[in-house]
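Handing you this structure, nothing more for now.
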Amino acid sequence: MHALFQKIAALPWDQLPQWLFLIPGLLMLLAAFAAVCLRNLIHSALCVVLSFICLGVLFMALGAEFVGFVQLLVYVGAVAMLILFAILLTPASEVQASNNPLSNFRLSSALHAAAGAAVSFLVLAGLLAAIAFSPRAANAELPAQPAAAPVALIGENLLTYTLLPLLGIAVLLTAALVGAALIAKEDSKS
Amino acid sequence: MNFFALLKDFLLQFLGLFKNLETLPVECMRLLREFLTKLGELCGITMPQWALDTVSALVLIVAILVTFLVLFALMSVFERKLLARAQNRYGPNRVGPFGLFQPVADGIKMLTKEDLVPRAADKVVHYLAPIVMVAPALMLPVFLPFGRGMVAVDLSVGILAFFALGAGTELAVFMAGWASNNKYSILGAMRAIAQMISYELPLVTSALVVALVAGTLSPTGIAEAQSGYFCGFLPKWFVCTPWGFAACVLFYIGALSESNRCPFDLPEGESEIIAGHLTEYSGFKYAIFFMAEYVGMFAVNGLLVTLFLGGYNAPFPFLEWVPTWCWFFIKLWAVALSMVWVRTTLPRFRIDQMMQFAWKFLLPMSFVTLLAAAAWYYAGQGPKAWMSPAAWSASALIVLLSYLLLGTFCFTRRHSATNRRYLFSE
Amino acid sequence: MMLQILLAISAALFALGLLAALTRRNAIMVLIGIELMLGAGNLNFISFWKFSAHPETITGVMFAIFSIAIAAAEAAVGLAIVIQVHRRLHSVDVNEANQLKG
Amino acid sequence: MDNIVSIAAVLVPLLPLLAAGITAFLKREQRGLSATLVITAQAIACATSLYLLLVAMCEDHGEPGIVHQFFNFPWLTFGNQTLQLGLVLDPLSAGMAAMVSFVSLLIFIYSLGYMHDDRNFTRFFTFLGLFSGAMLGVVLSNSLLLTFVAWELVGLASYLLIGFWFHKHSASAAAKKAFLTTRVGDMGFLIGMFWLYKASGTLLFYDNGAGCLEQTALTTLAHTLAGGMAVSNIIALLIFCGAAGKSGQFPLHVWLPDAMEGPTPVSALIHAATMVAAGVYLVARVFPIFTATGPHSSALVVVACIGAFTALFAALIAVGQWDIKRILAYSTVSQLGFMMLALGVGSVAAAMLHLLAHAFFKALLFLGAGSVIHGVHEEQDIRNMGGLWRKMPTTFLTYTVGMLALAGFPLFFSGFWTKDAILHEAHLWTVSQAPFYMAVAAAFLTAFYMTRQMMYVFFGSYRGNAAHPHESPAVMTVPLVILAAAAILMSLPATPAWPWYEKFLAGHAPSFLPAALFEPGFLQIAATSAAIVFFGIGLGWLIYGRRPLGDTDPLQTVAAPVFRALTNRLYVDEIYEATVIRGLRVLGRVMAWVDRQIVAGAVRAVAWLSFLVSAISNGMDRFLINFGFDSSCNALREYGGGIASCEGGRVQGYLRVLGIGIVVLLGLVAWLLA
């Protein structure tokens, strides 16, 4: 008993904080998996939101607080709401009685899912293999200066090195706003 | 040295802290950490840093929770009393002196009520909704500086974090509305979300105005930027500048709307859609929603105080003997009670009017304040702007002109009653 | 080791997003899958930034910020298209919207 | 020129042009607006030109000599050469501009009444504005080029106004005739201008010593020879061609009487007072070129001879005319001949003085004639008038003043003094005395035919068909009165006792010389002139005044063939018809034949050739290109169909392939790295 206690105490506890990112990371994967598997669309969407939240927390844990909070603000505050609204605005959006005879055929449906699962599994396997065998990933060390991205530096970067992309993003967002409103607008004749 | 001697020693030190009220809370935390370290030494172990951090964080959390729950309780009774006074009634006056213990009675009542869950409801989501609602609301106050050097989490992106967590409320409202499986609930939720999204934009933009001038997203930095006086005795609060005043009014309106208070309480408008997304909630879950709403309101008011009303700074030099955290809470109460005042005074908006107000007036106006603040900053060459007539006149001109223009265009009655559209109410 | 774990998490998130995009027939779910994949990409940016030799040049962070902005725009337009498709075809099955096939 | 003056000088021609431009866009119904616009603009222009006259008068104190104020600006730059345009203000242009704008203003006002019932009232005022602006441009121009441009604009306005009643065949024909005849002269003008530019390198009149009328250029011109003649004389004669066309000098006079088809105010304004005087003004303007080789240069001799001949010739024709306006037209031609004669004998002052005086009294006569025509309901034949002095007293009195001024009745009428000055100068001309005698004869004839006209129109008994001849409204009679006053007052600056205008032109301070009246040379000429005027009027009264007049002229009974020749305008038109026009027609036929047979043949050959080429290319197209293209298209369609079946519109299918692609790519990278 005492030996166990000693063993536990001897663990590198001071390294604990830098492994805490595993909690949001694994929770994120769990939520994403649930989102893929759940049949109820709203549940799926809520799981995705949880996954997004965990991703944001993961970003914060990795030292990118700004990106983390932006992730929360954009995904939880905006994208999630858009998705939920879209689900509510497309009633019966769960694929049930489709006009396509092919999709009503269970075997075809199953084949379709199986093919998708196989492809994504292949991709996962390929990526994992690449990560595992990449010497650069294995030998990567944390830099001596812990990575930090202060807001002031980000702001300065936005207005100097990435000014052009910033302007591009501004145009893109405006165009997306207008375009989305235009596309989703009801036709006057209907 | 034994444990009791240590305890006595620290108790004496603690009592000694009351000589300086200003630093009392900060010193308390320091003393706690010291005590823990000494305690560890007594037991023969060196306290690891993370353990100290965890314990002091827990203590902080408890302190803030207690503070805001007490604020919530006091607010609920004060609001009822004030409403009653406005309506020529007495209000709660039976429980305790002047009815001050009414919240306790209410809490007991709520706890003992039956917790009803509709059969058609999505049980899990229905259960989770109050939690998702209250968690971010309780997290919000940690970013606020209650006094000089008194901030639980001093983030350099504090304001962003505040709004990012605040976004969780919409999710909770949606969950509550959808899970209840009741058309009034879902309609109320849709209304609430539409309203929140619409009013979040002016809210965030007017906060951005302050960040622009203060040059930081950290609430502490912003509060610090408003310390000091100009002309020797006038407060250097941002609300005293033309752009700051405009942004403050916009922020106040946004805060009213975000906390679903009158005249923006359409999502819960009893006469229209029963109680909106709260229709199917009862008992303690309902109380949690209620609490989250009030705590959220206090948090947003705290942000308003930090951003515009000088945070914890005293208004005049001769009042500086009052501790800074007292000033923060005085201002917080002032803003909160002004919201009660507004509630007693104004009728509820119609939904189309409300949306028009947000999109056609508040949003452009908040962009204009951004412009005015930029004009202030550049005409006055940064921090020197307080004494620059050019800065004052430029920003005042921009704000006034655009207010007149927008006001003229937005509030002329072009579409009178003939062309009403009630969004989410048909 | 830590970077590898992070990359593995990111790869798993990507694969899950791909799975959602490939197996679910609902266009909204396909969009959600794509958002997940974008999130995985962002995670990669942040991870590599954290382990880069010069984290003070915050390139990874900037990439992530822009990518989030683009993802938001993409989600808005994508969902608008979904709503319009639903209005036309009364279905959001991605396999129904195939009227332009050769 | 200083700033204000140059702005004023620009405004003078620009205002009426602008008014015309605006009026051109008005509707037919907006009569009041258009008239107001044009008349206001003209009034301002008139006031401005009077101001300019004042400026010119005040400018020349101190040093003797003419002061030319000018204002030049670049107009067109090609290569390293710049064509400059400009405006000039000197005594010549200032006096002329004041006269033109003043008379124009009066006639515009008169037109209000005369054209009152016309449908195209608005259009009429547009044309008037255009004319006035262009004419003032001619007057104020400091560049031969600008003069030419304005000159052609004046011609255009004249064409438009003569043909104003274009539905009348005679009017449109007269307009064409006027336009084409003046073009003949303008051809010479154009060539002269080119030559001048080539010889002197500038078209500006005055340019601080570099202008073509200044000493340097004149010396060059006088000393350059071309075909044995000094270039200056050739250029002067070419420019005189233009002037002769505009001013109706002998070979080119035929258009002017026909131009009377236009409305009477037009006849008064353009074909009596201003435009026809432009030729005289032009010669006066470029007078230094004429005198470059001396005061008796060959060019001047030609001008004097043609002027004297025209004066006599036109006066003769006028005797045999029946149309009230045609008589005045021929009289105009004759008077213009007098002016040319004055220029030819070297006196710009006499010519300009006669021009100014003539402008007033001829305008008066034409307007009086218009009033008469108006009064007897559009009747123009003097045989159908008579006894109108009782019916139209104001018209009669003012017309009498004009007639006496034209005839040169002694002492109180401007015509006497100015004509006298011309006769005097002609008499002093050392080259020949023939012009002098021709002028004396013309002066006699003038008095005679004017008396004839007076007798026919105003005395005797009314012979017309129209029921009630009546006096014209005030808007027409008031200008008559003003012009009559002017016709009398113009004698003041014309007497040799106070030669104000002459001194003004020469740039000297005016002086009062009563002694000049009693110089023997002057007295001799004055007495002669007075005698022939009395003789002419007396003869006219003897023949026409003592018995009732009928359809046949008393002269017809005396010498019928001569009178017939006079009535038929001495057959000049017929001669032109037989020679020039027929020749042109033959030339046209030849050209048409050439066009049809030779040019068209070539065109046809080219057409056939291209047809051939296209046929060949068509064959290539069909059998070479289409074949290959079609078959490749078919192949594309076949295989494309196969490929297209892969694009099933299934997004997830694409995505799947994309995923497989990622895996393959990963494998490839791994394989390459390994």
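Each chain carries a letter (A, B, C and D) given by its place in the written order, and its residues are counted from 1.
Assume contacts are C-beta pairs under 8 Å (C-beta built on N, C-alpha and C of every residue); 3 or more make two chains touch, one makes a residue touch a chain.
Note that this is a predicted model, so its numbers are computed, not measured.
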Centroid-based (C-alpha) most distant chain relative to chain B: D
Distance-to-centre winner among chains (Cα means, whole assembly as reference): C
Centroid spacing, where centroids are CA-atom means, of chain A and chain B in whole angstrom: 30
Between chain C and chain A, distance of the C-alpha-averaged centres to the nearest whole Å: 7
Approximate Å spacing (C-alpha centroids) for the pair chain B, chain C: 34
Centroid spacing, where centroids are CA-atom means, of chain B and chain D in whole angstrom: 89
Contacts with two or more other chains, residues of chain C listed in rising order: 18, 22, 25, 95
Chain A residues counted as touching two or more neighbouring chains: 66, 70, 78, 85, 112, 115-116, 119-120, 123, 127
For chain D, residues contacting two or more additional chains: 652, 656, 659
All pairs of touching chains, each written as two labels joined by a dash: A-B, A-C, A-D, C-D
Complex contact set, residues of chain A against chain B: 13-14, 16-17, 40, 42-43, 46, 49, 56, 65-66, 69-70, 72-73, 76-78, 80-81, 84-85, 88, 150-152
Touching residues on chain A, where the partner in the complex is chain D: 112, 115-116, 119-120, 122-123, 126-127, 129-130, 133
Contact set on chain D toward chain C in their complex: 640-641, 643-645, 647-652, 655-656, 659
Complex interface listing, chain B residues touching chain A: 48-50, 122, 124-125, 155-157, 160-161, 163-165, 167-168, 170-171, 174-175, 178, 186, 190, 193, 197, 200, 216-217
In the complex, chain C residues that touch chain A: 1-9, 11-20, 22-26, 28-29, 31-33, 35-36, 39, 42-43, 46-47, 49-56, 58, 61-62, 64-66, 68-77, 79-84, 86-87, 91-93, 95-96
